[in-house]
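Several structures are given next for inspection.
The following pair of complexes shares a single chain, chain A, combined with chain B in the former and chain C in the latter.
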Partner chain A sequence: MTSVNFKFVTFFQHTAQIRRLLLLSITAFSMSLFTVSAMAELTIEISEGYDNAIPIAIVPFGYEVQSTMTPVSSKTVASSQSPEDLAKIIAADLRRSGRFNPLSNAQLPAFPTDVDALDYEQWRALDLDNLLMGKIIDEGNGFYQIEMRFMDVLRKNQVIGKRWNHIPKSNLRQIAHQMSDLIYQELTGVRGAFNTQISYVTLRKIEGKRHYTLEVADSDGFNPQPILKSNQPIMSPSWSPDGKKLAYVSFENGRSQIFIQSLDGKYRENVAQFKGINGAPAWSPDGTKLAMTLSKDGSADIYVMELKTGNLQQLTRKYSIETEAAWAENGQSLFFNSDRRGQPQVFQVFLETGEINRVTYDGNYNANPEISPDGRYLSMVHSNSGFHIGLLDLYTNEFRVLTDTFLDESPTFSPNGEMILYAMNRNGEGQLAVVAIDGKTSQTLKVKDGEVREPAWGPYLSH
Partner chain B sequence: MLRFIKRHPISVILALILHIGIGVLITHEWQDSTESNKIAAQGEEESAVHQNRQNNQFVKIEPLKTFAVDSALVKQQIERIQAVESAKKREQVELAAKTDKERQRLKELKLRQKEEQAKAEQATKRTAEQILKTEAERKKTEAERKKTEEAKRLASLEKEKADSERAKAEKAKKASLLAEKERQLANEKTALAQKQRQVEEDRKKALVLEIARKDKENKALAIEAEKAKATQAQATAAAALQRQLDEESAAQRATQKRQQLLSLRQTYISSISAKVKDNWRTPARISPEAQCDLRITQTPTGNVTSVRIVNCNSHASKQFKDAAEKAVYRSEPLPAPPVKELFERVITFEFKP
Partner chain C sequence: MNHFKSLFTLAIVASLTACSSAPERSASDLSDEEVVSDTAPGIKGDAMNVEVLSASGGISTDGSSMDQSLDGMKMVDIAELYEPIVYFGYNQYELDDKTTELVKFYAQEMMAIPNQKVVLKGHTDERGTPEYNLALGEKRAKVVAQAMMLFGVSESRIDIVSFGEEQPAVAGSNENAWQKNRRVELIIN
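Our next item is the complex of A and B:
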């Protein structure tokens, strides 16, 4: 989540001071709305991986057509006819995590699809620990049965065996991500976040005009779906905890306003249209409240809105700018940034008492706080010279700078807390990047013909 | 007896008749007396009855009893005696007749016996003749056989005689030879005796010398033994000292070796632990404080047969344990021990990646 004021400034200026001065003028700036027809997929480049990524074999899945005449017997068909290359999706997921180094198909000595066909020694010779194999069985009528077997090559046993029945073609990628999640959890002890979605805003300039689109895609950038198209800026998307709605800031009415919209587009509501700035919405963990930045009383302060009633609770009352609120994982406090000490630093405010504590001390600029799902880590845009993603361990107070990219902003944690998705600037264009919280792997996500900004990583999907 | 009867048949018969007669008379007399006894007994009984009656009732004077002799009864008695007499006479006549008959029979028997005897004598005579005849023949052959045997015997005697003469000659010869030999032997014996005496003397002399020598030798030996004893005592003491020294150094060596082995064992286990650490890898985020003991069972070739992860602390997650186990399998074959005797099938060590 990024605040309206800071976000827009970063489009043009690279210093915090200028951004702050330009705040009000930008909110008054309006653009015409128009539709962008073409949806470009995000492409992901892995810029850095673990030195000690574990080799793993993801064998192409077998493809069989279940005969309607004899349902028991099935015929193996060349996997080129397979409706989806599940192995490729899984391999990419695992590679993106930075922890695994899936072998290429050319490196695989065999293509077993069943335990009987597996020669453990053959695989062990490749210095492998684990191997995934499976089958796609065409049930007919566009539905498929999927079978996975995750094998331990060293201990010679099956670690995971699972089958999905009656899966439509459109959901096959999702099944592949679920398999990645299972493997990731088995080997790392942490739930995988491959079967999740991300939202972001793309900006294309066509004939001198700006085209903004709020999109939702799979975590690997596939299946991008437009949620909102506008020729006015769209900013700070925030996922509802159930993953079904997004709150965001739209300038479609000539100034910043906060909207809540369901992903299926059936529901949309303008929840904050106060005088001045309406920005930086953040959904409470229980989904009943929305924290936001309002400047209706002069200066920008942190408020919490009860979504049912629309009642507002003001948490900060300072002349200084307080913005970009993020909920603590227990919902009892909020982290925000404030320049009350001259330069933006992260503070914490407790809802019950209104007590405020300073949290960050490293560097002269710490803004845009985000809390990891387990409440342990605080990520932020950090600057000593240049803007990078910093990570503060709230348990140990250890602080680290995770990125070395340029003009980083809008960090957002994956639901398992392992990765941080953020926006950055490369060659003057906005791109997304992912970094592991241990800083050991990173990758970039970009669209072909435009810029991409304002990322937000969605929660676990409920199936 | 029979011969007597044969010799005096008439007198015997007469004696027999006389005896029989006496016997008959005696028998008759005995029968009469028994009859009268019976009557007397009857009378006594009757009187006894009377007496009883008298005793029971009263004393009654009996009238005098008289016996009337019946003439018929006497007659009968006389007749009976006469019949007996006649029967006796008859019997005597019959006996005489029988005796005559017997005599006649005996005569005939004697005649027949004589005849038979004559016959038998004749037969004996014939057989005797026969026997004589065969005997004569046998004798004849016997005589012939004897003759030839005699001839043979004579021949052999001749031969024996010749032999004995030859033997005698030989004996004489032998005797002379023997005498010669004996003479020689006696000569030899005397020579031998002389020699023996000489030898004995020599031996005695030698023995004396020998004894003297032995004595000397013994003395020398005793000295030698004494010397040897001393040397041996010295040697024993030295050996004991050496042994003690050896034992000490052996114990020292054993201790050294034990320590060496211990340190080698430590090196061995460390080398296994190091290899497992080298092969440690995990995609999981592991607490740096995580720690477990690995209990590895291996074959002599260093192949892992089982891995047990035990005594883990609270920081050791499932992923840590899995990764540790995999690291062990990835380390196959495990390093061989530097010394064969250090091989251990089950190795346990603390593992902290």
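Our next item is the complex of A and C:
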């Protein structure tokens, strides 16, 4: 049902510096009969890769049709009929990480799909260590078998060999992302986060009216699925730890209220509709509680709701603004934004004792704290003059500004903690961008026909 | 007396702009549709003009129009001159003399028509985080509500809603747009 069209364009800046910008325009058309609006175009632009990106060969996968009569597969290699270009998806994943430099197909000396067909000597000259090859075997009835072989061409051995059976066509992209995750973990020691999802809000203006859509897409921007459409604002999606639900703010009843919705659309509940603001939902790490901002008792304060009972615990009591709670990874404290000292700064409140400490001191505006999955880093919206994403190392107290784009906000960590997805403004339009926590690689994601904002990176998908 | 004087100045300026510009906007024009549209029609003879001209003593550089404007002032319906929007400084939620005067005007109007209710819609510019801005928009609306209560309007007639940075009156990422987006709209009906 989904046809995919990739375009690669390479730009060089006029400066002598070899700063490469690779524009990877991805077009995904939904051929669904009734939804024109499901058609979306997301573009990913990568800038500033690592200087020492590792060269890697991702060989186009072979394609075979399994005969229904005999177990011997008929070896008709016809890549044009391949239901999905897995190698292209994997190469794009690895390139986006900034750590790898996949060779172009033109640079590949051969297109082996079996270990037997691999001539190691051909690859030694390319000054690379690793090669991925494999094949898609059409089982018929819309199901496929996928085989991957990740090879060390220097040591002449297989590092990873894996086969997936009975995979429907709609899941082939996911399998490609799983392969990217396996390769990433093998070569960097860090779990890959390619096979994950992101959520965000798109804003389209049609005849002067605003149309908001809450969408969930793959981490590379593909397969965008609208899960809520409204002509009133949608804000602040927050993933449940199991990745099956989103909490978010919707103005559909004329004011901000908090809803929880399952991704399969079977469950939706308005969990906070108190007088005043209902905002900034944040799921506790164990999934049983939701931190939120309510102003029902006067001014915006931090509360924690036990989801089973609806019981509320009030954590802050100030006339100033307290909002944007983020759970510590152990669930025992919350970081939040407070302007009790005049301008927004990040504070931490401990659930057990109610003790509150100030956390940020650099800059005159530090808001929207987010904690890395390992609990080490605190990202925030930081301002001295412009608005940028700042990163505080809670172990060393070292503070850095990671981004140099315009009006940066809404930082959200990838589940492996290596990247931060955030919203920014370019040419007057809201776009998303990704930056590595070491600041060494960045990329942008945009929708062609509107603005995109309020990103939230989902957890690892369980299988 | 001071209040009356500034009202007087406002009226002169407003009548000047009224001579030359588009039809006035009344409170009932502020429907949802308009709020969400890109350009807020009617924000032309705006607060910024008022500020600039009154700073130079309210004397028009075009001397010939002085008498006309004074004449015009007598015929002007003040209710149509005050745009029911309170503007704020960056990250501020305080009323100054001028905005207090504006709120007082509408509070008095409501006191005269006891069954009127008001919805105060708080907004911010796009800078800073969306959730902080949601709270900031509410602070602004509450400051206006408190002033209205001070001028006699009972709390039960006032409703408050914040839209944060979600519904700018003017599109654009520049100081001019931001200035017009930091606002509380008074929807009286």
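The rule is simple: the second predicted complex is superposed on the first by the 423 of 463 C-alpha atoms of A that agree within 3 Å, B and C clash if a C-alpha of one lies under 4 Å from a C-alpha of the other, contacts with A are read in each partner's own complex, and residues count from 1 in each chain.
Here is the rule we go by: a contact is a pair of C-beta atoms (placed from the backbone, for glycine too) under 8 Å apart; a residue touches a chain by one contact, two chains touch by 3 or more.
Every value quoted in this text rests on a predicted model; they were computed, and no experiment measured them.
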When the two structures are laid over each other on chain A, do chain B and chain C clash or fit? fit
Contact breadth on chain A, by residue count: chain C or chain B: C
Who does A:K209 touch here: chain B (first), chain C (second), both, or neither? second
Considering only the touch criterion stated at the top, classify A:I277 as touching first (chain B), second (chain C), both, or neither. second
Classify the contacts of A:S295 with the two partner chains as first (chain B alone), second (chain C alone), both, or neither. second
In the superposed arrangement, does A:D129 touch chain B (first), chain C (second), both or neither? first
Once the structures are superposed on A, label A:R341 by its partner contacts, choosing first (chain B), second (chain C), both or neither. neither
For A:P233, decide between first (touching chain B), second (touching chain C), both and neither. second
With the two structures laid over each other on chain A, which partner does A:K169 touch: chain B (first), chain C (second), both, or neither? neither
Least Cα gap, in Å, left between chain B and chain C after the two complexes are fitted on chain A: 31
Which residues of chain C touch chain A in the complex? 33, 36-38, 91, 126-132, 134-136, 138-139, 142, 160-164, 166-167, 171-173
Touching chain B in the complex, chain A uses residues 52-54, 97, 99-100, 127, 129, 152, 154-155, 184, 187-190, 438
Going by the contact rule set out above, which residues of chain B touch chain A in the complex? 281-285, 317-319, 322, 325-326, 329-330
List the residues on chain A that touch chain C in their complex, please. 205, 208-210, 231, 233, 235-236, 249, 251, 254-256, 276-277, 279-280, 293, 295, 299-300, 321, 323-324, 337, 339, 343-344, 365, 367-368, 381, 383, 387, 406-407, 409-410, 425, 428, 453-454
